[in-house]
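As written, the chains take the letters A, B, C, D, E and F, and residue 1 is the first residue of each chain.
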Amino acid sequence: MTARQQRMLIVVLVLAGVGVATTFGLRAFQENLLYYYTPTQVQAGEPPLNRKFRVGGLVVPGTVGNEPGKLEKTFDLTDNGAMVTVHFAGILPDLFREGQGIIAHGKLNDEGVFYAEEVLAKHDENYMPPEVAESLKQIHGEEPSQ
Amino acid sequence: MSISEASLQGRGLSLWRGDRCLFQNLGFELTNSQWLHVSGGNGSGKTTLLRVLAGLTMPESGDIYWDDRRISRSRFDYHRSMIYMGHLEGLKGDMNPEENLRFHYQLRDKKAGERIEIAIERLGLQRCRSLPCRSLSAGQRRRAALARVLVSSATLWILDEPFANLDVKGRELVEELVSEHLEQGGMAILAAHHEMHINGGTRVPLELS
Amino acid sequence: MWTWFHKLSSPPHFYRLSGTMIPWFGWLAAALIIPSLYAGLALAPADYQQGDGFRIIYVHVPSAMLSLFVYMFMATAAAIGMIWRMKLAHAVAVACAPIGASFTFLALATGSIWGKPMWGTWWAWDARLTAELILLFLYLGYMGLRAAIDDTNRADRASAILALVGVVNVPIVHYSVTWWNSLHQASTLLKKGGPSIPPDMAIPLYGMILGFLCFFGAVSLTRVKREVLVREQNSKWVKDMVTSK
Amino acid sequence: MQTPGMLDAGWALLVRDIKLGYRRIGELANPLVFFLVVATLFPLATSPERELLMEIGPGIVWVAALLSSVLALDTLYRSDMDDGTMEQMALSPQPLAWLLLVKTVAHWLVSGLPLVILAPLVAQAFFLPAEAGPTMVASLALGTPTLSLIGSIGAALTAGLRRGGALVAMLVLPLSMPILIFGARATDLAMDGLDVTGPLNLLAAIMFLALSLGPIAAAAAIRVSLD
Amino acid sequence: MQTPGMLDAGWALLVRDIKLGYRRIGELANPLVFFLVVATLFPLATSPERELLMEIGPGIVWVAALLSSVLALDTLYRSDMDDGTMEQMALSPQPLAWLLLVKTVAHWLVSGLPLVILAPLVAQAFFLPAEAGPTMVASLALGTPTLSLIGSIGAALTAGLRRGGALVAMLVLPLSMPILIFGARATDLAMDGLDVTGPLNLLAAIMFLALSLGPIAAAAAIRVSLD
Amino acid sequence: MSISEASLQGRGLSLWRGDRCLFQNLGFELTNSQWLHVSGGNGSGKTTLLRVLAGLTMPESGDIYWDDRRISRSRFDYHRSMIYMGHLEGLKGDMNPEENLRFHYQLRDKKAGERIEIAIERLGLQRCRSLPCRSLSAGQRRRAALARVLVSSATLWILDEPFANLDVKGRELVEELVSEHLEQGGMAILAAHHEMHINGGTRVPLELS
């Protein structure tokens, strides 16, 4: 083998390697690599039974059961498609309110109710002053979309 | 002449270590049947220069040319035709001299197999050929390293203190081997504190201070 | 262009040039950061959801962005140093590392402080957060490797290789929020279809980002200047300079 | 003179390294024993409840794999560096990156492969369901070579230094974290009977990337260390 | 000529070893960073839930302690062995066992002590209750020196061999098991508010045993390695 | 005579390595102002013998007596009055020569402090006294190891190939140092392949084959 052939061979091998890596990488991103499941996926039965996982979605306005004096709360989560009922006993983060995006970590029981052990509020990427949000709401009749 | 035409040139080589300039703007030229005698006291930079010439250390400035091509650009060709023996022997302590030699030639030269036997005999390693290198004496290890040089059909030999640890016979043997190599048209670069009696070839002196 | 490049890479020239540029960067940084900070903390309206809590954005976002920018800058400098064997570029890379590590640490700290009230947790093993933590470890590894090698020349090249290998982490930090359903919010400023933040909130933010950039410019140039001086301590121009003073 | 092809040279080096690795029979067992000991440590250190072990099982296997691979790293280039063999390899007509790749493969065969083979046994000990076995093996088979490849860069960077141990770990562990995460995730998913192609594809992607770029970085690092 | 007393000589060696360990300020951080990184690996590999982490926390701290102590072991005598300093120490008028003990103490000061100090922080990260803190520190303070002492025997036995790394681990880890078990047990008990004197006494007993017999065994092993 | 009376005897020393007998029933006696010249070709067992005499290696049979007491029984006294320099220099790469010397004398001799300065100068290490030993040249490292021997006020010097890697001046220096030591009543055991011109003291030859 000459010096030139050797160099060519190495370049070809490296490029081939990177190419194969990209193929696998692209295929990987079409699959499930999530930090959390959406309510739609939950309804489709994707997450495991009897094991902990995360669900993320928006708190459906009007579903937050607020029994005064009790820590336990129940509410629905949606991704504008399916819905999941979440049950949580504990202190909720400040940002938790109706219409807000949250991530709950826990288990699904047999009746399809999600028993959360931890609730994190997920903030979206939109920032605006309260007045603007208010006027937007009046125009569109809803919160700015997630 | 069994070795083809070749030339080695150093042009404008400089190197500092810390605040010390080991050599500056150093140049030389070497062709077939010539040997470069690098001399100088302890710490004058001989080892460093030899490593630069072998392509292990980068000079601060300047370049080395093998057959008029920079060695940094034609590594393959240069390393094929050059062999280096430094302060470290490059022998695996767990393998015996024969296995060590065989391994090195599996990387360098397909056809070296037959020459291994001859080299072992020539360097007087018959008695310890099947001992693991870690239990060899200092001089025997040096001889095994020299056997590697001998087996290679490299044009250029770069030897750093080839005489270290060798007994009187061993030193004479090295002088003989280098002479033969030069007579066949080879080149050599030697750094040594001892006087050398090399009959074949022309000496090109290079004194570091 | 090429001669300019060469001229810049000569240490004495760079030393003089950076001497004049540092004050510029310094003042510009002050002129951007102080009013922006005031505007961000006092003038900008509160967020409709987060209230005043969102104002930590004015520190978190610039430092987070700079943590990535500085890494890329450092890696580029290291690559230039490797390819063209330019010592000045290595000096730049060296000088950047602690600054980048500080920005990363700041991003992590402000992020955690922000996360506690907003998300309800200081920390989650979310892709964005983990990748940012790895970025911090990479900066630390870079500095640790340098510290372990006493020959400057070797330290330069070894750490440059590490910096280049670590570059793979940068896109992961940046795109983690789009690739995964992360807890961390998606991009506000670089969002498709324009930023989703009104100008009165955004302008101080841009001001802070630019201010941080200038601050980085000033600090890094100061550090490079000192690094160059240490490295060239035996050269003629440094000796001349010292004796003429 | 006839320079041997890359394949011949690589084969010779592979054989030599494996032979050296196994010169003493006892050492064959080392990485294995280490792996087993680390894995055993957990049931001992925490409580040996079935449910807990099941939950941490995949994670522990992966951490043990990662650590035993890091532990063995220090010796990857050190001994060749100390006795001058690395100098000779850098000066041979073979591409250094190729030789280092071969050395890394040999290292993996000695330290990583036994671990992949042994993993199902450990999985058993952690009560992992049988259907997770193949995924665990597959993820380890894809992940441990990557660990070795990344580790080889770290080992090359610190090869010239005296006390590399902790430094190597510090350089290598952050870069290995993604592999750990996805490796453990894959096994986790498999335990629940879910689709694991996502993480496995990603592991494969990282492996090929490391395979093609790792040796080049390592070769550059070795040349620096030799300087 | 006046031969220095054992204390003077020991002090000089201690200072030298610590100085070599921390020659560069940056390296002070190494064992710390390593420990933190190892501790980070677990939440990454298993799931990062509070409850789970609480349960495995003490185990993880101990495993990280053991590993970072084992990882540093290889360098304990190797470098002195390779450069001939060990020969000179064996030929000095000081008792070799004493010198090795001092070296082990220096090793612990560099690799073990930072860990003891840092443990409460990691405990925090794993949500361990505050009342378990002192016990964890006490158990580590009693246990890590023993790990170093046991390790020193292993390091001495393998000092003459080339590739000691994994072999040391293999020799040392099984012997260290009891320490791990009792160390983690103590913290576990403290978490539940129970009496911890039992395991702590046992740890102290093992430590003193290792302290008095370890160096003698190590010295004998070194003399064999030098032969 | 500044050094007190002492004597070293080897009686019936034998050692095999594998199937090879390096020496058998070897005996000698050495007293003040005498030096033992151990000679022999590469691999004849010089290094091994010197290690036996230093107490590092156990002989298969036979014993070594220092002042008529077995050295295995009186390690403290023997090691106090003996210094050994082998193929390995015993210098820490991370410390400079001065720090290395100081460390060794903190283990051996409280009062050696003042002599370190003199030794550094005598061996020409002034220029590299504050460089870490790993960046010294081979000869400079050898000189630092010799400085350690010089600083010791040991009665018996055991030097294995003291000339290795040294330049011409360095070799003359070593000859001078050994001569002075012998004149003061010291003893020395030297293994070397070179001819040695040692004027002081009496040479006791010992040839290994």
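FYI, a residue touches a chain if its C-beta (ideal position, glycine included) is under 8 Å from a C-beta of that chain, and two chains touch if they have at least 3 such contacts.
None of the values given here were measured: they were computed from a predicted structure.
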Touch-network distance, chain A to chain D, counted in steps: 1
I'd like the most central chain, judged by C-alpha centroids against the all-protein C-alpha centroid. D
Compare the two sides of the chain D and chain E interface and say whether they are made mostly of the same residue numbers, over half shared, or of different ones. same
Rounded Å distance, chain C centre to chain D centre (Cα mean): 33
From the mean C-alpha coordinate of chain D to that of chain F, what's the distance rounded to whole Å? 46
Report, in whole Å, the distance between the mean C-alpha point of chain A and the mean C-alpha point of chain F. 74
Centroid from C-alpha atoms only, then distance chain D to chain E, rounded to Å. What do you get? 25
Touching at least two other chains at once: which residues of chain F meet that condition? 87, 93-94, 135
Tell me, which residues of chain C touch at least two other chains? 124, 130, 137, 140, 144, 148, 150
Touching at least 2 other chains, the residues of chain D are 3, 79, 82, 162, 167, 170, 173-174, 177, 181, 209, 227
Complex interface listing, chain F residues touching chain E: 54-58, 76, 79-80, 82-84, 86-95, 99, 103-104, 106-111, 153
Looking at the complex, which residues from chain B come into contact with chain F? 17-18, 40-47, 87, 124, 127-128, 131, 135-140, 142-143, 161, 164-171, 193
Complex interface listing, chain D residues touching chain B: 1-4, 8-9, 12-13, 16, 20, 23, 79, 82-85, 87-94, 99, 226-227
Hey, which residues of chain D end up touching chain A in the complex? 3, 5-6, 95, 97-98, 182, 189, 191-195, 197-199, 201-202, 204-209, 211-213, 216
Over in the complex, which chain D residues touch chain E? Could you list them? 21, 26-27, 29-31, 33-34, 37-38, 40-42, 44-47, 52, 55-56, 58-60, 62-63, 66-68, 70-72, 74-75, 79, 82, 111, 162-163, 165-167, 169-170, 173-174, 177, 180-181, 183-184, 188
